[in-house]
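Think of it as A, B, C, D, E, F, G and H in the order they're written, each chain with its own count starting at 1.
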Amino acid sequence: MDEAELRKLLEDIKKQKIDVDEGVEALKDLPFKDLGYAMIDNHREIRVGYPEVIYCAGKTVEQVRGIVEFMLTKENNILGTRANEEMYKAVKELCPYAKYNEEGRTITIRKKEQEETDSYIAIVTAGTSDIPVAEEAFETARIFDNKVKKVFDAGVAGIHRLFNKMDIIRQAKVVIVIAGMEGALASVVGGLVDKPVIAVPTSVGYGANFGGVTALLSMLNSCASGVSVVNIDNGFGAGYLASIINKL
Amino acid sequence: MDEAELRKLLEDIKKQKIDVDEGVEALKDLPFKDLGYAMIDNHREIRVGYPEVIYCAGKTVEQVRGIVEFMLTKENNILGTRANEEMYKAVKELCPYAKYNEEGRTITIRKKEQEETDSYIAIVTAGTSDIPVAEEAFETARIFDNKVKKVFDAGVAGIHRLFNKMDIIRQAKVVIVIAGMEGALASVVGGLVDKPVIAVPTSVGYGANFGGVTALLSMLNSCASGVSVVNIDNGFGAGYLASIINKL
Amino acid sequence: MDEAELRKLLEDIKKQKIDVDEGVEALKDLPFKDLGYAMIDNHREIRVGYPEVIYCAGKTVEQVRGIVEFMLTKENNILGTRANEEMYKAVKELCPYAKYNEEGRTITIRKKEQEETDSYIAIVTAGTSDIPVAEEAFETARIFDNKVKKVFDAGVAGIHRLFNKMDIIRQAKVVIVIAGMEGALASVVGGLVDKPVIAVPTSVGYGANFGGVTALLSMLNSCASGVSVVNIDNGFGAGYLASIINKL
Amino acid sequence: MDEAELRKLLEDIKKQKIDVDEGVEALKDLPFKDLGYAMIDNHREIRVGYPEVIYCAGKTVEQVRGIVEFMLTKENNILGTRANEEMYKAVKELCPYAKYNEEGRTITIRKKEQEETDSYIAIVTAGTSDIPVAEEAFETARIFDNKVKKVFDAGVAGIHRLFNKMDIIRQAKVVIVIAGMEGALASVVGGLVDKPVIAVPTSVGYGANFGGVTALLSMLNSCASGVSVVNIDNGFGAGYLASIINKL
Amino acid sequence: MDEAELRKLLEDIKKQKIDVDEGVEALKDLPFKDLGYAMIDNHREIRVGYPEVIYCAGKTVEQVRGIVEFMLTKENNILGTRANEEMYKAVKELCPYAKYNEEGRTITIRKKEQEETDSYIAIVTAGTSDIPVAEEAFETARIFDNKVKKVFDAGVAGIHRLFNKMDIIRQAKVVIVIAGMEGALASVVGGLVDKPVIAVPTSVGYGANFGGVTALLSMLNSCASGVSVVNIDNGFGAGYLASIINKL
Amino acid sequence: MDEAELRKLLEDIKKQKIDVDEGVEALKDLPFKDLGYAMIDNHREIRVGYPEVIYCAGKTVEQVRGIVEFMLTKENNILGTRANEEMYKAVKELCPYAKYNEEGRTITIRKKEQEETDSYIAIVTAGTSDIPVAEEAFETARIFDNKVKKVFDAGVAGIHRLFNKMDIIRQAKVVIVIAGMEGALASVVGGLVDKPVIAVPTSVGYGANFGGVTALLSMLNSCASGVSVVNIDNGFGAGYLASIINKL
Amino acid sequence: MDEAELRKLLEDIKKQKIDVDEGVEALKDLPFKDLGYAMIDNHREIRVGYPEVIYCAGKTVEQVRGIVEFMLTKENNILGTRANEEMYKAVKELCPYAKYNEEGRTITIRKKEQEETDSYIAIVTAGTSDIPVAEEAFETARIFDNKVKKVFDAGVAGIHRLFNKMDIIRQAKVVIVIAGMEGALASVVGGLVDKPVIAVPTSVGYGANFGGVTALLSMLNSCASGVSVVNIDNGFGAGYLASIINKL
Amino acid sequence: MDEAELRKLLEDIKKQKIDVDEGVEALKDLPFKDLGYAMIDNHREIRVGYPEVIYCAGKTVEQVRGIVEFMLTKENNILGTRANEEMYKAVKELCPYAKYNEEGRTITIRKKEQEETDSYIAIVTAGTSDIPVAEEAFETARIFDNKVKKVFDAGVAGIHRLFNKMDIIRQAKVVIVIAGMEGALASVVGGLVDKPVIAVPTSVGYGANFGGVTALLSMLNSCASGVSVVNIDNGFGAGYLASIINKL
């Protein structure tokens, strides 16, 4: 409820169109749906510009199904992340045109077609093993109607591969760099472009990689400016933020 | 054995009602039952106000069964935490009215009904995935006869959901806040209530969440006062402490 | 502004005692004072039951002075924590009856006398080196008018010292246990009392103590129930929470 | 050297306007100035859109002076971060209109006036102690000609202070949130705006704050989307990235 | 080869009983058996007083079998630690009187009976879940012919259980204390006995226990003197060291 | 493309043997093969002296198969590391003379025989459990045609075993030391040889070994000089670097 | 109060030599001296065999002086550790024959001469920089009347230095090994002696030494048996434990 | 004493040129000088090819002076690392031609001139702040008579600076890469050269750099092969190892 609506409400009370009890009720009532185990945030699109997304990990198949069932009553596109195949099957029963990206582990349901952006997001990975995170970012950016270009396996061990794709990267409006191991790709790209770089450390690697911590720290300490970081393996977060920036 | 009993014992020795050997024995003898693999602390209710609780993790089914078997000879309610279904089945054979909370992984046996408290404990979770920890806290608080109210999925990403439930939270005598990820809910609640807040970090999250460490650190560093913290996923500890405070 | 006041406001609008612009203003206006570098939370006492406390570390002497100067215009007691002597001198110029606890590094200004609580808080330390943290807790509890009893240097290396003071500890309504090194005292006390135990790890120790982390972890993993933990060296947090509990 | 220039060069060789040795030289020659202890990146503005910035920490006063001396021969604005007063004095001798922000520890030299952006960057801090980092971000954003609005001391312990300033924050094109302790402010703001949020953890706090690590982890695990993170206390990095985004 | 043997060898060379080549050979040749994948240290009993022990983790069943096969050609007792049942079966085929301690996961083969020590080792555990580590220590101490007494489940949450067994503990020549969670038992025992205490942290616990790190740090920081620590879950190391001390 | 080739290209443009478009193309074109999910670095042998190696972990069987299929079209030897048996089977279908080292988990395909080096690499392990890492190093060194000598199970607990093999170690041109637990072997060997020592920490051990971190830190802090370290369990990296040094 | 005394007390009550009030008093009264800021444990020598030791770090000069003043009223030797020169001067005023070991930072006051042990403790350091910790261990062992032999700077980088001193080390009853950096000396010595080895990690080193953590972890993971570990830089703890073992 | 000398000794005993006692003595006597606080390893040059180096940190000025005084009696060049100016002054009194590198904090005394190597070591730093570590490496390499070339401030944020110097780097026999922050330079260089790369992480950076840990981890996880790592800020170790490799 924004200030205009508040003013309208108070005017209505003043004009006695609505009585005080209704006013109290209206001011207390907030737009979410309580399912008991989940309070779905319907108000979210108005507030932050995007519908709520279902983070499926740690939820039961029944809970995912219940949340999707409710969301299907609204006119929003639906995105579920960290979903397993069993969840997907349960959702598909509710909605036959639900799609599953096996590598990215996302469920998407497209209920309305919107125009694609003119500018695009570049998603760059250091290696082949980083692709699942890239796919999660990709599906996220796509469900919010962004144009996306992919550059995969362009890590700094063979830096000419990166330079070869530099045009694609430089012309993007925002760049997502996804890398495990030492995550050096974020710094190298950050030093070569004049666009925001969203770095996603991945848990790819072994030994002193510590499940992505090395890449995370490396990216946080990037000697290149213009680089910010999201959580390890957080393809969704990167895709979401890239979408916000791409639409500015 | 409190000071009055000590005085009584010494009087009896003085009056030669009991002889010195008995006195030595009495002063050495302490109220616990030694099962070999476990020494059950019968004295505990007198000392700290609550019967002993069985922490089932790391015990064999046989050990859990043996401990319950002994405890059933006493007139206390019984609570087993971190119990798996196999343990529950073994216990149910001993006691048909034993109950199992699948989400909370608790076994409860209610041998005596006591009056429920007037004041209540509010259990608030940030997300749906935090519910198992909340259920452990709930069963713990309930076995000790506390009134409890639940507010689930009220995390700060959609803070209006929290504000909508604020009345329930504010009127509690003590509040348990359960959150994973960055655990910000504890600070926000702590800044809004004038009651003790027991924060429970959960291992919900991924990447740099480190199995709940991030939420733990976040809660320990809460900028709001009146917040204290128990171990990661320690629903039992929170429920137990809340019960002590609720009964003050 | 609680629900009753909101209702009153709306009634007044309805009755046209106040006009809509005033209503909008009233609903937007929140009770804090903006000093530019600090927004002082005047509303806090109503909301969480205690006036705001000044955390002096990281503030300049001028900032501390400015905040105190404003707070002196209100009728609340004032507490500054982590204050150095220079800050104290600046405050004393504003208010001659300000007091400084050198060990606890607190500034206190008592503007109103309230009745002391009947029940008391016990503050127990493991060693002599933990006393500064204990003094911070003490001053915090005192400014909020709690009765407090101190038991210092009662660590488990000579556990009979603890047992000797057990009566004082057992009769408290809430116990603060302050310990560095391995922090075992919290578990031992927790196993002996039926009251809430607030454990404060201190940075006392060396080597693998890691500035209090060992004591912190130890206390979080206490095998005794009824123990919750605040941040390392956070005497203020413990005193504040103990005060809330003591007044329940 | 972009593709057009490369083509021009090759055409010139073909037309024998320039000879092969010159061509080799031109293709090998890159636009930086080698001072021995530093290679100043003159090419940077062309490549990433901003002139090079001097990170003064770990450099001697003589080195800072030498770098500024060279940079003054170019027509760019100059920014030095993490500068101490002695460095400032050395720079001021070279350039009387150099300015020093004592809190933010920045040196700025403005050699050309450019038009200020229409859209603005909001810089929000949780507490007073976070202001030095905010000032570094502010000076960085300003030297790149961004409009900036400040909201200081709006942490979640008194969340109404934040809500009071929500309009300023919501109307920004990009928001910088600066917080120490548990860093919850980033999640709360992230849940309320539809703009990119750049979170800066600060080393403000004590104990289990670990010099900002807690806030860092908290922000990386933010339950709100649209939040990305830069290094601890990295006001410069946040200001720089915000500037890139603000100018998209 | 000790100094006497060296002298003998040189005398023999001098007397030309053996020639120089033999001398070189003898001085180069050291008493171990090379199996290719393992060099068995036969010399060990002479050097450090105990035969070599087989650490089975990370070895294949074939390797364990091969090592035992060789060792059976010598007249030493054999101890295998961290052995699984499959390894035990392979060993049992070689030697029918091999024994397996399922909780302690040890294989023992007793080839010679030696006199049991008069003095004894006390093995104390905090909880039931610590028993597997205790059993490994027990089997180790036993294979080296030590008298051992066990006190299980005597943790500080019910400290009277410990005091009840204090006589057994005090009369030991050396005490092994095994505890997980916060490991406070080591400090409490260390403060009550005048014998060496070998503390073994276990990985029992959850959350901020970090697989035994909390107990480890706690024990290293013990406020009681006379306590030293071995690796997490290292029952063998504790039993071995206790045996050395018990035989001094 | 080295400087000579660049000069040749420009000469050709000048002489109008090739036209400008071709020149631009040639300068942009870089020698790698883009498979979509992987960009194979064909240029690598020219640049760093070795063909690309396939790191199989995190790749699907299909991806490994596809990469090998392409690489078989070139005349290089092929090495796949961290390969599982399923991958090997897929590769063997493509190339019947592919070999699998089960302990080292490597796939090797030898397409050209080159002369073996005269000097050799010594691979020393502390224990039997370190052999898998040693085998990975061995296969790596062998595919690059190095002579290799193995010394396994020579840890410092029985240091005479090491001394017995010292001649083999001292005469190597470069020494790989592989050890888990406390990794002391690297320091001891480093203090006894005048050749480069490449230390490989392994994840062998338990408790406070932290998956190889202890050995890693130990080796980084070696009191002996001439020791450098690669990642935990990184047999490939050690074998590769040893090969470079062995061929200097 | 041991069992014999307890029996005597009860007999006296029975015989009415002392009355019940006295009995209660006697059983409540424990042998420590409460100085307010410290409770001095007089009972300690009876209980654990050694008088209390003053850990001076974190105490004020006044507190140290007060504790020594009281202790001088008893007939025990006095040891203060981590003492600075100022503390020493304050103590020397009280007791002219107090001694200060500048490297070890200990204050010692010898009030009674006892017979020196026949067997001895060997204190071995890896380097010169470890000597301060060795001196603390030395003074501790000496105040408890142990014979001690020192072997300094015998680290494994030049392992022949260690072997040269092996006789001294082998003939000790217990060996203290003190090392920083990678702490490998503990493993090497542990593999060569048949006596208990007490390993003391020191904070000597830099970089990834982490103030002694590397040496600590290394020693905990020693591949040699018979090694246990005390806290980083804890020369006192090692000397104390060595004394207990040396006197067994 | 190598095998030839051993054979000679035994021959002499056989021929009765020397008697058995002398033989025992010779075999026990090892070439080091015991100064009490330090055992100087004279044998080192024979064993590992280089004279001993003085690590001055943690030593007193007197100790450094005493060690140098002894070493001056030998005909070796002398290198002291981590030396402060006071140490240098003390050394200069002993030897007027001692030199001090203020940035690298090394003392060098050149007593014999040897031929410089033909091949050279390249020392590359990412930034200006890494120069002190580079200077330590430089002095170490120089005292061992290596030719060295420096490339300073060539970090990946402006990667063209690196490419410009690539010829110098590629033609070295061994490359030392020194970088703080995220240490990406090691990976980029490693992917471009066919020579061994010794990576030195530095403690340059702030926040989540953790005193060089980020660069260390990054380098250990380098996606480029041929890279090994020494301890944080360990310029000496890198220079020493580079010298060994350069002379192979």
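In this text, a residue touches a chain if its C-beta (ideal position, glycine included) is under 8 Å from a C-beta of that chain, and two chains touch if they have at least 3 such contacts.
Composition by chain, UniProt nomenclature: A, B, C, D, E, F, G, H = Nickel pincer cofactor biosynthesis protein LarB.
Predicted model only: the values in this text are computed from it and were never measured.
Considering every other chain in turn, the ones in contact with both subunit E and subunit G prove to be B, C, F, H.
Where the sister copies subunit E and subunit F meet, the same residue numbers recur on both sides for under half of the interface positions. The chain with its C-alpha centre at the largest distance from the centre of subunit H is B.
When the CA atoms of subunit F are superposed on subunit H, the rotation angle comes to 180 degrees, reported as a multiple of 5.
Averaged C-alpha coordinates give centres for subunit C and subunit E that are 49 Å from one another.
Rounded to whole angstrom, the centroid-to-centroid distance between subunit C and subunit D, based on C-alpha atoms, equals 38 Å. Touching two or more other chains at once are residues 47, 127, 157-158, 191-192, 207-209, 213, 216, 220-221, 225, 231-232 of subunit G. Of all possible chain pairs, those that touch are A-B, A-C, A-D, A-F, A-H, B-C, B-D, B-E, B-G, C-D, C-E, C-G, D-F, D-H, E-F, E-G, E-H, F-G, F-H, G-H. By the touch rule above, subunit H contacts subunit D in their complex via residues 127-129, 131, 152-154, 157-158, 160-161, 163-164, 204, 206-209.
If you check the complex, the residues on subunit C that touch subunit B are 47-50, 53, 173, 191-196, 198, 216, 220-221, 225-232, 236-237, 240-241, 244-245, 248.
For subunit F in complex with subunit G, the touching residues are 126-127, 155-159, 181-184, 187-188, 190-192, 205, 207-210, 213-215, 217-225.
Interface residues of subunit E, counted against subunit F in their complex, comprise 28-32, 36-39, 41, 43-44, 52, 55, 57-59, 63, 82, 201, 203, 211-213, 216, 231-234. Only residues 3, 6-7, 10-11, 13-14, 16, 19-20, 23-24, 27 of subunit H touch subunit E when the two sit together in their complex.
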